[in-house]
Amino acid sequence: MPLLEVKDLSVSYGAIKALQKVNITVGENKIVAILGANGAGKSTLLKKISGLMPADAGTIVYAGKDITSLSAERITQAGVVHTPEGRKIFEDLTVKENLQIGAFTVKRKTVEASTIYKDAMPERIKKMIEDKGHTDFSVDLTKQEVIRNNFARVYNVFPVLKERNHQVAKTLSGGEQQMLAIGRALMGTPRLLILDEPSLGLAPMIVKNIFSVIEKLNEEDITVLIVEQNALQTLKIADYAYVLKVGRIIKEGPAQKMMQDDALVEAYLGN
Amino acid sequence: MKKCMECMKTRWNRFVALLKRHPPLQYVIFGGMLAIMGLGPYFGIIPVSTAMFGALITVMIWTVAALGINLLLGYGGLISLATAGFMGVGALGVGIFMTEYGWPFELAALMTLLISGALGLLIGIFSLKVSGIYLAIGTLFVGEILRRIFTNVPIFGGERINIGEITFLGRFTIDRNLPFQDFATGASQYERYWLYLILTVLMVLTMIVVHNIVKSSTGRAFMAMSRSENAAQSMGISIIKYRLIAFIVATMLATLGGIMYAIYFQNAPTEAWTLILSLMIIGAVVVGGLKSIFGTFLGAVIIHLVPNLYLRPLFGDVRSLFTGVLIIVVILFYPRGVVFVVTDLKKLWGKLKKRLQGRKETAHDEQS
Amino acid sequence: MSGALRSFDGVKRMNITNLLRVLFNSLNTGSVYALAALGIVLIFRTSRTTNFAQGSIGTLNAYVAGYLFMTFGWSIWVVALASMATAFVTGILIDVFVIRPAAKVNPISKQIITLGLIIVIVGAIPFIFGVDTYQLSRFFTTGAYTVAGATLRHNTIFVVLLSLFLMSAIFWFIQYTKWGLAIRVTASDETTSRLMGVPTKTVTMLSWATAAMLGTLAALIIAPQGSVNPNFMVDVQVNAFFAGVLGGFQTFYGAVIGAYIIAFARNFTNFYISDIWADVIVYSSILVFLYLKPFGLFGKKPIRKV
Amino acid sequence: MNSPKKPILELNKVTMRFGGLVAVDNLSFTVHEKEIVGLIGPNGAGKTTVFNCATQFYDDYEGDIRFYTEAGDSVDLRSKKVTEIAPLGISRTFQNIELVQDLSILDNVLIGAHYKFETGVFRHIFKTKKARDEEQVWKARAEEILKFMNIAHLKHFYVAGQPYGILKKIEIARAMMMNPRLIILDEPAAGLTDYETDELEKLVYRIRDEYNISILLIEHDMGFVMNICDRVCAINFGKYIAMDTPKNIQEHPEVKEAYLGSEA
């Protein structure tokens, strides 16, 4: 069963039809890319999935549950975390506070002991590991412990955020802000991470860095739905891709195949 | 019979065409209707009571002040909470100049208008740097400063300035202090009606002035400015100029409202010009209809006349509760204002008609 | 000549007793303004509207207190708690039934809605409580210190400390707790906050409840100086607004500081310069200040984007 | 074209910074008379910033932007205020359609003629003869332009509720009302249907040919850009990549990389 299924989704703003009968499937533990030129309706699709706008028609099923009419808060709580376009970090808050708010919906959780970050590991679990002599067993983490573990994970993925912990977010560079935005999403322990244009306005070196992080997160346990302009680089890490043009899906297929596809170039540069 | 109907129809069409060519005529006709209504208490044929007569006076005063606010808020997208303060300037200014300095009414009124225009200019200048909620509360400061001056400074005589009879054009004196009931007899007792008529004329003139502004390139500049200042500027519209004009006109019209109060009541109270009055007038604009001149009048009727005249006897003390609920409900469900009910009904009618015709046509098609 | 005379007059009045008297008085009114202003800022930040009805909400619940106080003879402490509870409910009701449905109404009409609220409340009061005015006692009716000839009531000390304590508690809450953080993010970007799973509707609702309680407390503090009548909070309402713009709406503490500044400035000008022109002088100075610093003492100019 | 091309707008080493961010970086290009030029680049490349500099919304850029009048004099735009740009002969449209919703289409177009009105608010209040005559003159002109755009039959309708294609046309009509020599179009085809895009294409040609107006446009619909433009200027990160004919731009490796990203 796929983690996310979008069926026949249509959205319009007044007279403009932003999406027309869009169908998308995101398999568990996959990276799925949605490509297309500006104005193709990519952001609208993401906003609809995360509950920010009403749809005219269609259904969205996540982990077997219909989430079409759930509020954005509830969808986030269910494990779908959306990093919006343009990062939208809380500029006047510190890095730490930004991360804290990302953990707003965190609940107590059962995890494999092996996935707990060493520097966030509570004494009692360290002791359990010592007693049992191995790490492959499940433990119950309290809410506080989950949050601490998530902090450790974010700092592990983006060490620069630890250095900047008490800095006000608007003083960060563009790349660091994007890292903060992704880090903030990770604080909510997402099962499905939605990224809207993570490379927007960033220099190629930083983009490369961020893409390798996305790949790494996917290898750990996160399913990723990504919208990007930077098509070729996205296709390199993606498993499957859809190409949107003016509200319709004009092409879909495994990422490797899409790279050679003319439809892609056409969608971006015309014919 | 049918012929008569047809000729009525063509006459009506000709009349509509005339109105279209000379839009100010509609305000003149409206004023004429009000003038006839005002005769109600004297002849008893027209169902207008003494109480309604009194309420209409306030409605007209509010309408003039509210038209200024409509220009500012509806067309220009700016807000002022100093309306009541400037109405006070109008009433008390005329009072001071007439009683303390012994000036004739016309000069006193002109001077008061000039002073308030200058104050409006100052607010306009203020608005160039301060915006949003800071501007709104900035104008509230102005209103409060004026109010403190009225109530604290001894020259305003504490509770009120009694102006007494006003002589218009140095000739016509109208004594309104005769009790209303006595008007039933005798020809010399129409005088209170003359005052009513003067207010009607002033209101109609204001309506025409506002109409002319709104339908000119100045009015279009206001609307472009309130839609987007950046876009307006790129069309060569100077934001500074039009903000100043908007504030000056709005304060002068509020002041004119105050002068009308002084004309009719022949005194100028110092304590009446509160924030609540300003808010009520803005409420009248919003409820009646932003960007609508008749809507402004309608709003004043809904907010002042209806509660005072019809709701008080029905509901007693709950009437102001009703006004409040009405304001909230209208904004929630009819954000463009009550006056647009008419346009919307027309649209609905048009749609219905089309659908009916469509059905007929399809029926026809099926037959053939 | 007259100038010399005036300064002599001034010297006569400028003694430590009078100074302290004005100071104590200012602390008292400053606290009242500050409580009301904090409520206004809280609502402005979370609901994006200026609440003209802040004073009226306080009035309504002060009536509840006054009614209980005079009809049943309950202790002032009990009626204060009772009116706080009704204030909490009032705030929630207003948010749910009036403000939330108005989410898509344009900003100015939204402000006019709060005007409608004033009229509703002022209209409802005689209907519920009759046309009589009510009296409320101070929290401490007796007891005072005398400092250099000036009387300092125990009650004044209590209300000033209580206000400062409550406001500090609120600041602490906003700054250091999870839900406080939720308030701050809701204030800065509601959409993104929802993406983080923050239930912004609940946050806004609780802000209204808190603001209503703050307004009611302000009303309870100032009520003993006169009577509880439909208009007794108008002065507080207006000055709380002024405090907001003086301090700036971008921070939560700015308005509180602005409130004390306005209270001190008004009282001192009133006593030492002119009781006729005091407000005119103070308000005009703030206007000039605002012209120079259009976003208040602690506000910054937002970046303009085209 | 055989005759030597005369420039109309010239950007020379323009740089625009916001705090630490460089939105436009040392950019130079020229638009010639009777030319349709497209400015393209990925999201965030700084295209709209270029427009905002050229129309003086931002006046703290480095470098200079020149406009050539009909007589051939060059004007440094920095010496002009925002409100003086339209009278000079440059008009623009906006990404988010800045029309007054509850005003008729004709009145919206008339806003474009604002700076041409000689009568002021006093004449308007009293509706003097001069004011009335002037209003008539510009109304006639507006109707002429609406007729040119084939929307004259809609002139008395409100803007609110009109389809997107019409809104775009009204904005262009309003821009033409200013008698410009250069029109700057910000995403004219965004949100249009294929049919409307075709129509717009023809319209832009007609504007150029019948009114001798040069056009500079930003657009993401590449099909449209490549069809219509004489030359296309591609930028990324505010920097110039290339300026050439559409065909050459489409095949330019750096442009491809800017759009599709590098594979490395």
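Order of writing sets the labels: A, B, C and D. Residues in every chain begin at 1.
The rule is short, and it goes like this: contacts are C-beta pairs under 8 Å (C-beta built on N, C-alpha and C of every residue); 3 or more make two chains touch, one makes a residue touch a chain.
Treat the numbers as computed from the prediction; the structure is a model and nothing was measured.
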Length of the shortest touching-chain route, chain A through to chain C: 1
Interface ranked first by C-beta contact pairs: B-C
Inter-centroid spacing, chain D versus chain A (mean Cα positions, whole Å): 38
Chain C-chain D separation of Cα centroids, rounded to whole Å: 50
Chain centre separation (chain B, chain D; CA means) in Å: 41
Whole-Å gap separating chain A and chain B, where each centre is the average of the chain's CA atoms: 56
Chain D, residues touching no fewer than two other chains: 57
Numbers and ranges of chain A residues touching at least 2 other chains: none
Multi-chain contact residues (two or more partners), chain B: 230
Chain C residues touching chain B - in the complex, by the definition given at the top: 44, 50, 52, 98, 101-102, 105-106, 108-113, 115-124, 126-127, 131, 234, 237-238, 241-242, 244-245, 249, 275-277, 279-280, 283-284, 286-287, 290-291, 294-296, 306
Contact footprint of chain A on chain C as seen in their complex: 178, 181-182, 184-185, 188-189, 191-200
Chain D-touching residues of chain A, taken from the complex the two chains share: 14-16, 37-39, 173-174, 197, 199-201, 203-204, 207, 228-234, 236, 264-265, 268-271
Complex interface listing, chain A residues touching chain C: 50-52, 71-73, 76-77, 81-84, 88, 90-93, 97, 100-102, 104-105, 184, 188
Complex contacts: residues of chain B adjacent to chain C: 73, 79, 126, 129-131, 133-134, 136-138, 140-142, 144-145, 148-149, 152-154, 230, 274-276, 279-280, 282-283, 286, 317-328, 331-332, 335
